[in-house]
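Below you'll find the structures, each written out as structure tokens.
Next, two complexes with subunit A in common: one pairs it with subunit B, the other with subunit C.
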Partner chain A sequence: MEELKRSEQLNVKDNVNTKVKLKDQDAFLKINHLVVEYTSEGEVIHAVNDVSLSLRRGKTLGLVGETGAGKTTIAKAVMRILPERSSRIPGGEIEFNGRDILSLSEKQMQKIRGEQVSMIFQDPMTALDPVKTMGQQIAEVVRLHNDVSKKEAAVRAEEMLELVGIPASRAGEYPHQFSGGMKQRVVIAIALACRPKLLLADEPTTALDVTIQAQVLRMINDLKRKLNTSMILITHDLGVVAQNCDDVSVIYAGEIVESGTKEDIFDHPSHPYTIGLFDALPKLDSGASRLKPIVGLPPNPTDLPTGCRFHPRCPLATEACGQGKVPMKELTSGHFCRCNKRKE
Partner chain B sequence: MSALLETQNLKKYFKTSRGLLHAVDDVTFTIQKGKTMGIVGESGCGKSTLGRTLIHLLESTGGRIRFEGRDITSVSRRELKKLREEMQIIFQDPFSSLNPRYTVEKAIQEALRLTGRYSPSQIPKETDRLMELVGIDQRLRTSYPHELDGGRRQRVVIARALAPNPKFIVCDEPVSALDVSIQAQVLNLLQDLQENMGLTYLFITHDLSVVKHISDDICVMYLGQMVETSPSDELFTMPLHPYTKALLSAIPTIDIHTPMENIPLEGELTSPVDPQPGCRFAARCKYVCEACGKPQQLEELRPGHFVSCCRAKELNM
Partner chain C sequence: MIKYVIKRLLWMIPLILSVTVVIFTLMYFVPGDPARIVASTDADEEDVELIREKLGLDQPYIVRLKDYVEDVFFHFDFGTSITNGSSIQSSLMERFPRTLLLTVNSLVLTILIGIPLGIIAAVNPNTWKDRIAMFFSLVAVSIPPFWLALMLVIVFALNLGWLPMMGIGSFKYYILPTIANSVIGIAMQARQTRSSMLESLNSDYIVTCRAKGLSRKGIIFRHALPNASIPIITEMFFTLSGGIAGSLIIENVFSIPGIGVYLVNALNSRDYPVVQGTVIFIAIWVCLLNLITDLGYAFVDPRIRAGFTGSSKKRSRNKKEVAV
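Here is the complex of A and B:
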């Protein structure tokens, strides 16, 4: 009897192991327990606290959160472009395509950056060089990562421009001659010029008007499909997530509070913060005369609350929520939530 | 109901080195007392210029503005000073509209002093009243703008705007720089103030869900022209202008089960510098016809629902 029970247990354990392994293989980018801190005027800013994420090949992961939640810091950590002096990564791993990003040398990293992993920043104006033509800026990336002549690079640059819907004849023009939407398309052309395997898009459409946003997102998705690129889409706009992502992670005060497929998050939001975000949104299809804001303010990252970081603002919080680290719980397969109030 | 503010064929042109830039061209609407008129449109469509022209931060090039039945299109300096007390404006970025070296208290006191209505001994009490009205905690009295979050900064700006006890406030993207949870707090505050004080708003934004939530009527602008104006709900259920339709279809909804039916907009923007007569959306419109090259008339196709498109009737009715 005892024997049987044990073998059953073993079996169960084996199953769990294989499941985990399968998931590992699926994951193309894996971030494990990442911690990032900044120091400023002697204070330690806890920007990212024990974040784990995984991105499946060819898929889009939406990273949702408010200002200061640590979204951009995570992306910069993956690119290894955090400010050297004021930031440090005391813990965690970033595994990209089987390689440990954090242990690579700067030289090795330069090979990866732009060629295998690219980033699109929010503001196209600061991402472009005002004194170089658009064609030169795209060709520069191409030449950096490929052994091609100047001429070939220029041809590639023109192809990329056409790909993002800008006539190649405009390759000789400067950033100030382009509209905001076109500039962002050029930034995307630069990011995709070397056909990266992973694209980190940090609020790529926040500075754009809705009609242009729709164009740009459609274009990113088309290119992504063509080049089989995986993407992390950082945004605060739940509408953009709903229409463009496969999986979603919600981040609050440097911690992932809920993650799952898009269906998990939009059909069954479970963390009180996620629910609060949905409730605070003015909706197009409701006649509600009042909005339901989340009470209070996001915490100061130099002085985070103990226990659940959200408990001071949470309508469900009890005294126990302020104590001890709250673990992630799996509510249904693949849908995780960091809240004591939610049953597994 | 009575009209607080009316415009008729309001125009604002800017002289540029390339020619005359038509930032606002023939805008005609009426805002009822105690109501909110939302102005939507994409960057560069003239929303902010319109707001500024209404309250004389910019002088209009043509057309009429009436406020409480009075023609205020051109006013003397003295009249303007009086008018400014009744018409206020809140800008998008509270950081740049507050003096970084003034504390919360000092910023509000300054606004109160400028009204000339309060004696020095009354000002502290009035400051308390305004701070309570907009929900700023007393302990923040001596804080500087950089010590406040965006939502609180915007509350200080609102308190300053309320100091002269205005009737009309132009809200120029007041919540665009705020996170959703904070944005909801500020929108609720603006609604409370409207209910309690009978304020009238012109609410300028590019965020269509925000504008639907807060407005009674909405006016859609495209490159300086007003293309459609309608009661808020009706605009979303029954848009009549091809541009409004494309604009509404581009909003990413949070409904993951109905795919978006996006009407893509092809082609580039027409230049608002010395534009051709006629509809400025024509170059991107799939229903374009010869008549689009002539000046368009604003037509009331349904009660209170005006559209400026020669084919709107035939396409929608």
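Here is the complex of A and C:
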């Protein structure tokens, strides 16, 4: 019996490995079976459950999902900036540029953060230190990772401000003197100041006005191309994904339910959740006066449903969906879906 | 900024004036006849009446109030003590430095011990370090300073004989009073620092700092502490302004001839000009501290700074418009 189990496990592992090999010859960020838990008042919150991702150099991966699906947690795990006391990574691997991120010391991580991997935060209103000038905040990251004098760092900071479209003369101003969109530009300037190899953009436009959103995204893309940066773009906005991403992973309750190229996901959405997301978008040509929402709410992460996490909300669910772990299946080359109802 | 300081200094005048009126009125209604206290015990009614006339106590309330306010505000004259006839200003000037020294010593201790304790507790929340620091501060807040002062005297002056028991003199004389006077301040500062540090450490910008690759130390001292400093400065203000109140007790226990002893003695002997003078003096001191504290806020927080300069800019612009 035991042997059987072990051989099964081995099989599963082999299976996954070959898949990974098939897809990411030149993957430069690889996340394998990442699990992240938070503890809060004695309860364990399963934020990320067995997530595997890969990202090729210079490409953009869209991470799509509802609030609380674990998107931000994945990004923070890559940077190892999860809250120290209340979070735990009980399993998984994160390989970045050939290095195992999870086994690095804090000192080594400090060298990587801000220089090789950097992050754009969701809420620009609170992401900046209110008592330091914009110039100081950009110069700080420059000085941390480059051996330059204070003056040179200040010059670099001004250049970065110009690069994101803010006059250098405003370097001496404080966050409260900037609008939300301008603050987000500064956050981007900080993130890109050291020309990182990987940029984690966590809903970079959610807190901004629609008019500014397009500008900021265009700017991120321009800079990304200029600096040849890879990017993980976290969003719940499928429009943003369509414009910016090469690959897409759809995440639900801390699990990837569907992944593939943008074309795979947009032209052949396969997982009922993905289909639900597309159905929930307003369509100008269909003439429908109401949106079609996905019924129900995302599951409580302290008490996830068994089997397919989505089955309580799924229109296709049968009793079998509530039992056993649902494996990822490859539908077409590179297009994976976690649903029993889909045939390979 | 200078405009703001001048404005605040001018605001002190009505404030001090009202303090003067209130303390004068209170002293007027306090039972007991100062003239009788001045006169010797066997003086007869006529002598007392003479003294009363000499001190101006026979004048009606409103006349006396007017005279007093005039003296204080136009001649900067607090009058003389009725018990020994010495000038109140010169007594205050002679005594205040001792009280100030005691208070500043306490402030230094709260900064050197209270703030680091608070920081240690805040960066290690719910660990043994935090628990010990907070337990210490709970105990320290609960100790009455006069009791602590007496215990310190018993242990270090009487039993061990390491330090002098009372009086003033060299640096050694201030050690016990400073400790007794600052323990509550240290504990309060530790608690205040802890809670405001915890708040700033949980802010989003701290995550940004971590993402930049800043070290723990850099995050704590370059970002979290400056952002947590407003409540810390407020607590320093309380140490300095409360230092006078604390000195009433501590100076009496250690027989330090400062403002506190002066005020308590004056109260006991119904030396009303001294009480009035000292209270007004303390009021001026607290007002000045308040101003310094507000300037301290502006120094650490650009948003408050902007409030000061912004308002004066607006005003000057308005004035120009009027002129045009």
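Definition applied: the second predicted complex is superposed on the first by the 316 of 344 C-alpha atoms of A that agree within 3 Å, B and C clash if a C-alpha of one lies under 4 Å from a C-alpha of the other, contacts with A are read in each partner's own complex, and residues count from 1 in each chain.
By definition in this document, a residue touches a chain if its C-beta (ideal position, glycine included) is under 8 Å from a C-beta of that chain, and two chains touch if they have at least 3 such contacts.
All figures in this text were calculated on a predicted structure; none of them were measured in a lab.
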item: Simultaneous placement of subunit C and subunit B on subunit A, clash or fit; value: fit
item: Touching partner for A:Leu128 - first (subunit B), second (subunit C), both, neither; value: second
item: Touch count on subunit A, higher of subunit B and subunit C; value: B
item: Contacts of A:Leu144 with subunit B and subunit C, given as first, second, both or neither; value: second
item: Subunit B versus subunit C as contact partner of A:Gln243, first or second or both or neither; value: first
item: Minimum Cα separation, subunit C to subunit B, after superposition on A (Å); value: 7
item: Residues of subunit A at both interfaces, subunit B in one complex, subunit C in the other; value: none
item: For the subunit C and subunit A complex, residues of the former touching the latter; value: 125-126, 203-205, 207-216, 222-223, 226-227, 300-303, 306
item: Complex contacts: residues of subunit A adjacent to subunit C; value: 76, 79, 81, 85, 106, 109-115, 118-119, 121, 123, 126-133, 140-141, 144-145, 174, 176-177, 187, 190-191
item: Complex interface listing, subunit B residues touching subunit A; value: 42-43, 149-151, 179-185, 187-188, 191, 206, 208-210, 212-214, 233, 236, 246-247, 249-256, 260, 262, 264-265, 268-269
item: Interface residues, subunit A side, partner subunit B - complex; value: 66-67, 179-180, 209-215, 217-218, 236-240, 242-244, 262-263, 266-267, 276-278, 280-285, 287-294, 297-298
